[in-house]
Amino acid sequence: MPIMQVHLIAGRSEEQKARLIEALTMAAVEALDAPIESVRVLINEIPACDFGIAGQTARQRGR
Amino acid sequence: MPIMQVHLIAGRSEEQKARLIEALTMAAVEALDAPIESVRVLINEIPACDFGIAGQTARQRGR
Amino acid sequence: MPIMQVHLIAGRSEEQKARLIEALTMAAVEALDAPIESVRVLINEIPACDFGIAGQTARQRGR
Amino acid sequence: MPIMQVHLIAGRSEEQKARLIEALTMAAVEALDAPIESVRVLINEIPACDFGIAGQTARQRGR
Amino acid sequence: MPIMQVHLIAGRSEEQKARLIEALTMAAVEALDAPIESVRVLINEIPACDFGIAGQTARQRGR
Amino acid sequence: MPIMQVHLIAGRSEEQKARLIEALTMAAVEALDAPIESVRVLINEIPACDFGIAGQTARQRGR
């Protein structure tokens, strides 16, 4: 019953996020021998001004 | 001091979410004998393209 | 597909947590008209020394 | 390697959130003696209609 | 800068969790074209009595 | 009403965590002009074998 939350700086395409969901799901299925139907992935896109790295926002750092 | 986070596929009405907050709060108050003032509920609405089930997005699955 | 995380100060009995899971699930089913099979509840018990309220730990506050 | 998530009712300015990220980062660096480069802060702004306090939304309570 | 949290019912071996961390990291690196050094994975093992599925604990359901 | 979750590799003393809670709370109070009574800090200590950095566990990396 793995539930995964993924926190990303916003800006990925819908296609890229769909690939990420598929890839993470398959990785969990294989590593844990879990049934695929039981896997959940929740993507959390975070605006660059709300993501802090080393005390600065990702926006301030130029991302 | 229960703090609840609820992850949902986006699309609920504001009225429905207010009912959810009230219902979850009362459930916690009764099950835990907690003071109502101490309960927090944080709703996290997730776009259907960011919610993965069994390796596909909820949007791909038609939700 | 509601997924709920509940953060509590540690110390509840297993029976009380089972009642909480049942009560929160039914509240979500009714408020959201969601199928019961789709509901997940994850309880996170936090030691009193790791739960801060108003700048003090719950242990320091006597809980 | 501290990773901090901060849940706030939405409505802060970008400048205020940048100050918050800097202040939380410095607090973690000092309290934990952690290298600043290793600190992450993720701000989660929650609409007032999705933030429940004592069974009501923050919007219903007038915030 | 992907940060992943994985919520699992407790009981995996340390070796299995290390494989999961490696597999999820590689999946994120490939799907997002992210630098491997930037990836974090946080595993949260949840006791079977604290993980609710369809209103029952995983322990009650026999897992 | 700021709620902060802090994810750390396990191993800090209770005194150090209490200082962290106090420091993060004061940082949030000052940066957000929030009432101190409304601030919550939840520390989540993660075993070194469950914390992944760059595809390896913190334990594998020697932390």
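Read from first to last, the chains carry the letters A, B, C, D, E and F; within each, the first residue is number 1.
The criterion applied here is as follows: a residue touches a chain if its C-beta (ideal position, glycine included) is under 8 Å from a C-beta of that chain, and two chains touch if they have at least 3 such contacts.
All values reported here derive from a predicted model rather than from experimental measurement.
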Numbering shared by both copies at the chain E-chain C contact, with half separating same from different: different
More contacts between chains, B-C or A-B: B-C
Chain E and chain F, separation of their C-alpha mean positions in angstrom: 20
Averaged-CA centre spacing for the pair chain E and chain D, given as whole angstrom: 24
Touching two or more other chains - residues of chain E: 1, 3, 7, 22, 24, 26, 40, 42, 44, 51, 53
Touching pairs - complete list by chain label: A-B, A-C, A-D, A-E, B-C, B-D, B-F, C-E, C-F, D-E, D-F, E-F
Footprint of chain E on chain C - complex, ascending: 14, 17-18, 21-22, 24-26, 29, 36-45
Parts of chain D lying in touch with chain E, wherever the complex brings them together: 1, 3, 40, 42
Sites on chain F touched by chain E in the complex: 7, 44, 46, 49-57, 59-60
For the chain A and chain E complex, residues of the former touching the latter: 1-9, 12, 16, 19-20, 23-24, 26-28, 30-32, 51, 53, 58
